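Both of the next two complexes hold chain A, though its partner changes from chain B to chain C.
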Partner chain A sequence: MQSSSWGRSAFQLFNYVFLIAMSILCILPLVHILAISFSSSAAVSAGDVTFWPVDFTFKSYSFILDNPKFLTSVGITLERVVIGTIINLFLAVLTAYPLSKEVSAFRHRTWFAWLFVFTILFNGGLIPWYMTIKMTGLIDTIWALVLPGAVAVFHIILLLNFFRALPKELEEAAFVDGAGHWTTLWRIMVPLSMPAIATILLFTLVQHWNSWFDGMILMNKPAHYPLATYLQSIIIKLDFENLRQEDIYLLGLISDRTSKAAQIFLGTLPILLAYPFLQKHFMKGIVLGSVKG
Partner chain B sequence: MKTGKLTLAIVIMLSMVLTACGNNDKPQEPSKESGGNAGSAAVSDPNPEPFGKYEKTVEVHAAVASEPNWKFPEGDSFENNAWTRGYEQELGIKVVYDWTTNEGSYFNKMNVAITSGDLPDVFVVNGAQLRLLAEADQLADLTEVYEKYAAPFTKELIEGDGGLGLKAASHGGKLVGLPKSGSTIYELPMVWLRTDWMKKLNLQEPKTMQDVLAIAEAFKNGDPDGNGKPDTFGLPITKDLYGGMASLTGFANSYHAYPQMWVKDKDGKAVYGSTQPEMKATLQQLADMYKKGLIDPEFGVKDAEKVTDDFVNSKFGLTFGANWNPLNFIDLKTKNPDSDWKAVPIVSSDDQTALGSIGFPATQFTVVRKGFEHPEAVVKMLNFYQEKRYGKTKDESVYNPNDAKGNQTHVYTSALVKSDKANEMTISDLKNLAEAVTKQDKSILTDYIPEYEKMIKFKDGDLSGWASTRQGGPEDSGFSILIKAYDSSSYVANLFGGQTETMSAKWSTLDKLEKETFTKIILGYSDISAFDEFVEKWNALGGKKITEEVNRDLSAQQE
Partner chain C sequence: MRGTAPAPALMPGERMKPKWMRTFWRYRWLYLFMVPGIAYYIIFHYIPMFGLVVAFQNYNLMEGIFGSPWVGLDNFRTVFSSPDFPVLIKNTLLLSFYRIIFNMLPDLVLALMLNEIRVRWFKKTIQTLTYGPHFLSWIIVYGIMFSFFAPGSGLVTTFFRDMGWGSIDVLTNSEWFRPMLVLTDIWKSTGYGAIIYLAALAGINNELYESASMDGAGRWRQLWHITLPGVRDVFILLVILRLGSILDAGFEQVYIFLNVRVYDVGDILDTWIFRRGIEQMDFSVPAAVGVFKSIIGFVLVLGANKLAKRFGGSGIW
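Let's look at the complex of A and B:
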């Protein structure tokens, strides 16, 4: 008895130490960035800053708040996240519902399901992607960031599996009471699937917040860049080879690290805040007790 | 009357062509070309105006790189500034930027645009893209419009490199782009020494490479920062090995090795400098230095930015780098006002003079889409740029203005078609700068006004002008070394700046192989004999073929 409880507490101890160490590993880089953003730039390039600010200053933050480009890009990202997430979720629910039906109810279900899966496995590549967006006239508009990824097949699969796991009796009960597909979907299925929808919501949110490549390729003016693209373009790695007299201005960009750190931190903040609120949905029990007897 | 004049012109042109042909054994390439082309040009339009304004405004769709943190005067932007207004008001050209992005992403995005056939009218490409587009016949032939519309001053600037830039911008005998030339002498490597450490350890200015090595050793072992800890190193290197900061280039030059560039061997053939025996001697020396602990063992993971931090932390007092290195030492000066640096020329390991290596004049080109109706607009914009930036009517307050706080803005980098001064002119500007600073007379200046003002500030005791003074002051500065090296021709220029067909496929592999092998040799993971294996591998993996192609292209340009 004693040895097993000793083993258990050893395991628990190890577990805690391990998990705490892992979380510290994840948090420290962010703390470092935060410390840099509150330090003077001389202290930063001297490497004096680790996890606590040196020569505490708000200079970087006041500089950013005066910087219209940062604020515009935040605005564009917010627009993109809101529009993109709504469209994504709406389309995912609408697509997942029929695909979750049995073949007896929806005869070509398998064929359609494979049609969607096909797009995960194969895609046209960069150039056709670009040309499609170009020729549909979306280039340089907010819709170029939102529409190309609007049907997220992975999310659809998640959701359709969740729909299938719901007790069939619920649906049958709804039909008996005279509900059509539309009512069943929105009044029964969707409210019951909140945990899955929250998961998808979080995925979509993070994905829209973080993606920078499409912004770079599809937006023609830096003024139309979403936040991630804007950050990517200022946090460039300098190529010191072949630096010419005309490129000397690039050198000025290096000692700019404190303001970069501040912008990175502000850029991560909203998504950090969103996480804990959505997290709890993952854990929630799913359909406990909905059908009795 | 008019026909008479025309006939006369043709006769004169023809006679010029004939004279040029008669002198064919002499390399009289430019005059022969200009004779021939001006002849055909004169037939179609006897009176082209380099600065002529279009009666009806011409709209030019363009793409060029710009950085998001460029600053402009109040109300201006990259799309609307002194240049775009100047183009429109004085030339009747309305520039519409189809797209722009930062330099780091620009050529990737250009690749997408090229592959999807979505080209603007005027845009900037690199050597590989120029070759690709020219082979696919997507570019307008600028030979004639350049001859006709380029102002004499433009030609002087563009051809100031001996016509190398124009050759690189030509394909199959046609000029398909305007080179974005620059002063390559600016890349010349030099030795930077921390003078407060030199004084402390009683060291003399180096005369030979042996002196340099002795200084490196003294900086490692003599505790130059006086903190009682052996935390300094002799020689900084970055993980990229080459470049303008903590570079091996200047070190190798001291051993007459010219890594990363094409040089002539003793038979007059072009060879790649990194594979020559002199490079082996250089690496042997570096490996010995590493064994003695003179080189930071972590150099393999440090980029230029990290190494800059080490300078600020007083880890190094000796480095091979470009003239602008002091600009990266500003934080050191702020943190430690006693620290100071000076530049000395690279020194030789034997009795022959050491020559610093410099690059090829043009690596980027402004091109025009084939089928665009006004290819001459691009030449006019180039005329305009060079006239307003460097010519008689230059006006810094308009085309290189400061913002309300007195800081330089980025208007000067925002012109669509740019090409800057070649070495000759830059050196004369630098001489004028030095004289102006010595005499405190601004009227002598021909350029470098912001640098001048900072240096005058430093003379009055303002530390913010320190870096500019070390870079550009009359003595012991980066610029003073450039002037000396140029006047005594102590430099070797890269022979070849274009792309060959095998290069596009193989170059990145070869470059990686080179840097990996050299890093391993320096770190002692590989014996020096690994160099010979590297040369063999390099040749086998495409280097041999590339060398042949480079020689073929070079001899084609000679004809």
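Let's look at the complex of A and C:
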């Protein structure tokens, strides 16, 4: 790209400025939340806080960290993240391996692949899904947050494509050396598929961390809510139905906006921390996942 | 756990076994690996599909699925003759179309712009920042929106007041509801959506650009004749997928942003199903809407895929 006409330079300048502006736009809202969480309630209600704390204070954080509801929900989320991620990765690896075989090595491969893919094309929808989970008796247990999303077709396809791209000779050499499928899978295929595994890991972590809907309908007791559902219950459940316009106005003024902001920020923090470590792998992973299996 | 790549010679006693048993034995480990995955899909995906039969019943909790009386298509008649239904369909379709029109293009544009950047660290930094919001939940996004637009003390509301522009009410205003959903969706998903286009752009052979530029093709002509055809397949694939979920319209986001003041424009099929089914424990009529949704989605994906293939694309399968 060597042309360096005036129009080209102008475009490049515009391009850089535009992209920088877009990036700032993506982080600014979080900066605002962070600023609110470190400001005094009075400054927030007065609308004085923009992107820098006013009357800097840790009050809202010490308030939250004393709040048992918040802490319990964090505990439940950690539990679901750990159990859920382990199950998810294990099942995705195990299911993707047979499907990654050529038809010559596993004759029913395509048939089984369709069994999984069909669930993307057609689904029962919310009501039968809810009825089924109710029937299994998982409601109000941690398993209700883990098992209904145990393995995703998208993750299977992603891994399957990655397995397929590995050199066939490795697998064959393992077989010649007397290794079985189990050993080949865990000792050879999995260590070589770390970019795909990291991608699935990131997706699963984020999904479990963010899921609020399942917690809301599958957990009867608010004490069993995971963090996202708890956040939903404090942020969203403003009952507009029973509020008059003046009430909404008051709510914005007097509500504990600093502590909400602190909880929003703490609720986002683990993702912000985990993301830079995993994201270098996941571009590659997503792209592979979108190739046909 | 021996490898099964070379077909094992038959033992003398095995000769009489039927072929399917031998096949089964040969692939036993592969089957075994899939058992948990298949069990999961049967329990949490295929059983719910059969659960759709409640749409043809007058389901009640006491009798259950096997005891409730069959009512044929009565539930569907109830749905289609309800005055709510046209409104729900309209809200759902409008929102979906807005999303297709206004959310797909920014993804592509961002990818094209990033593709023009030659400084690698700059490109990487921008990407990392722009796809960050994808990983925030809608709860958090709503929390942020509330912080900006809270009546009385939000960042933007205060700004408007101080500038003397009067009050601005975005969260509880019917006119603002759809634009707000689309705009927050652009904010949240554009960076992430660009990734797949960037991959397609990276796959375009550089020689094409070189020879085009030797033939005197300008940048716009190169964009039109090389770059855009290079991402066409990806674009079509994404359109097909979006068509399949056209009756979904993004439940999570809508549910969170929805409030009674904007029901007239914001209530979609899924929020209605949720209220009637989960909140009021009335399963049959919402399940009928679910059947309707699933069938339309299925037909649209198949149709769009066929169409894409007819016009020379590769389709999804």
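Here, the second predicted complex is superposed on the first by the 242 of 293 C-alpha atoms of A that agree within 3 Å, B and C clash if a C-alpha of one lies under 4 Å from a C-alpha of the other, contacts with A are read in each partner's own complex, and residues count from 1 in each chain.
Note that in this section a residue touches a chain if its C-beta (ideal position, glycine included) is under 8 Å from a C-beta of that chain, and two chains touch if they have at least 3 such contacts.
Computed from a predicted model, the values in this text were never measured in an experiment.
**Q** Based on the superposed arrangement, let me know which partner A:T268 touches: chain B (first), chain C (second), both, or neither?
**A** second
**Q** For A:G47, is the partner it touches chain B (first), chain C (second), both, or none of the two (neither)?
**A** It touches chain B and chain C both.
**Q** Taking the superposition on A as described, I'd like to know which of chain B and chain C A:I217 touches: first, second, both or neither.
**A** Once the two structures are laid over each other on A, A:I217 reaches both partners.
**Q** Touching A:L126 in the superposition: chain B (first), chain C (second), both, neither?
**A** both
**Q** Quick one: is A:M22 in contact with chain B, with chain C, with both, or with neither? Answer first, second, both or neither.
**A** A:M22 sits against chain C, while chain B stays out of touch.
**Q** Looking at A:L30 after the superposition, I want to know if it touches chain B, chain C, both of them or none. Which is it: first, second, both, neither?
**A** second
**Q** Who does A:R8 touch here: chain B (first), chain C (second), both, or neither?
**A** A:R8 contacts chain C only, not chain B.
**Q** Among the partners chain B and chain C, which is in contact with a greater number of residues of chain A?
**A** So, of the two partners, C touches more residues of chain A.
**Q** Quick check for you: in the superposed arrangement, does A:D66 touch first (chain B), second (chain C), both or neither?
**A** A:D66: touches no partner chain.
**Q** Is A:V151 touching anything from chain B or chain C once the two structures are fitted on A? First, second, both or neither.
**A** In the superposed model, A:V151 contacts chain C only, not chain B.
**Q** Can you list the residues of chain A that meet both chain B and chain C?
**A** Of chain A, residues 45-47, 126-127, 130-131, 217, 232, 236, 238, 240-241, 245, 248-251, 253 contact chain B in one complex and chain C in the other.
**Q** If you look only at chain B, which of its residues touch chain A in the complex?
**A** 66-70, 77-79, 97-105, 109, 112, 115-116, 118, 182-184, 186-187, 238, 240, 242-245, 247, 303-305, 308-309, 312-313, 322, 324, 327-328, 330-331, 334-335, 359, 363, 410, 413, 418, 420, 426
**Q** Using the touch definition up top, name the residues of chain C that touch chain A in the complex.
**A** Within the complex, chain C touches chain A at residues 1-5, 23, 27, 29-31, 33-34, 36-38, 40-41, 43-52, 54, 65, 110, 113-114, 116-118, 122, 125-130, 132-133, 135-137, 139-140, 142-144, 146-148, 150-155, 157-158, 172, 187, 191, 195-196, 199, 209, 213, 219, 234, 237, 244, 252, 255-256, 259-261, 270, 273-274, 277-278, 283, 286-287, 290-291, 293-294, 297-298, 301-302, 314, 316-317.
**Q** Chain C touches which residues of chain A in the complex?
**A** 1, 3, 8, 11-12, 15-16, 18-20, 22-23, 25-27, 29-30, 32-33, 36, 44-47, 49-50, 91, 94-95, 97-99, 101, 105-108, 112, 115-117, 119, 121-133, 136, 147-148, 150-151, 156, 172, 174-175, 178-185, 206, 209-213, 217, 228, 231-232, 235-236, 238, 240-241, 245, 248-253, 257, 260-261, 264, 267-268, 271-272, 275-276, 279, 283, 286-287, 290, 292
**Q** Taking the touch rule as given, give the residues of chain A at its contact with chain B in the complex, in rising order.
**A** Residues 41-42, 45-47, 69, 126-127, 130-131, 134, 140, 216-217, 219-223, 225, 230, 232-234, 236-246, 248-251, 253-256.
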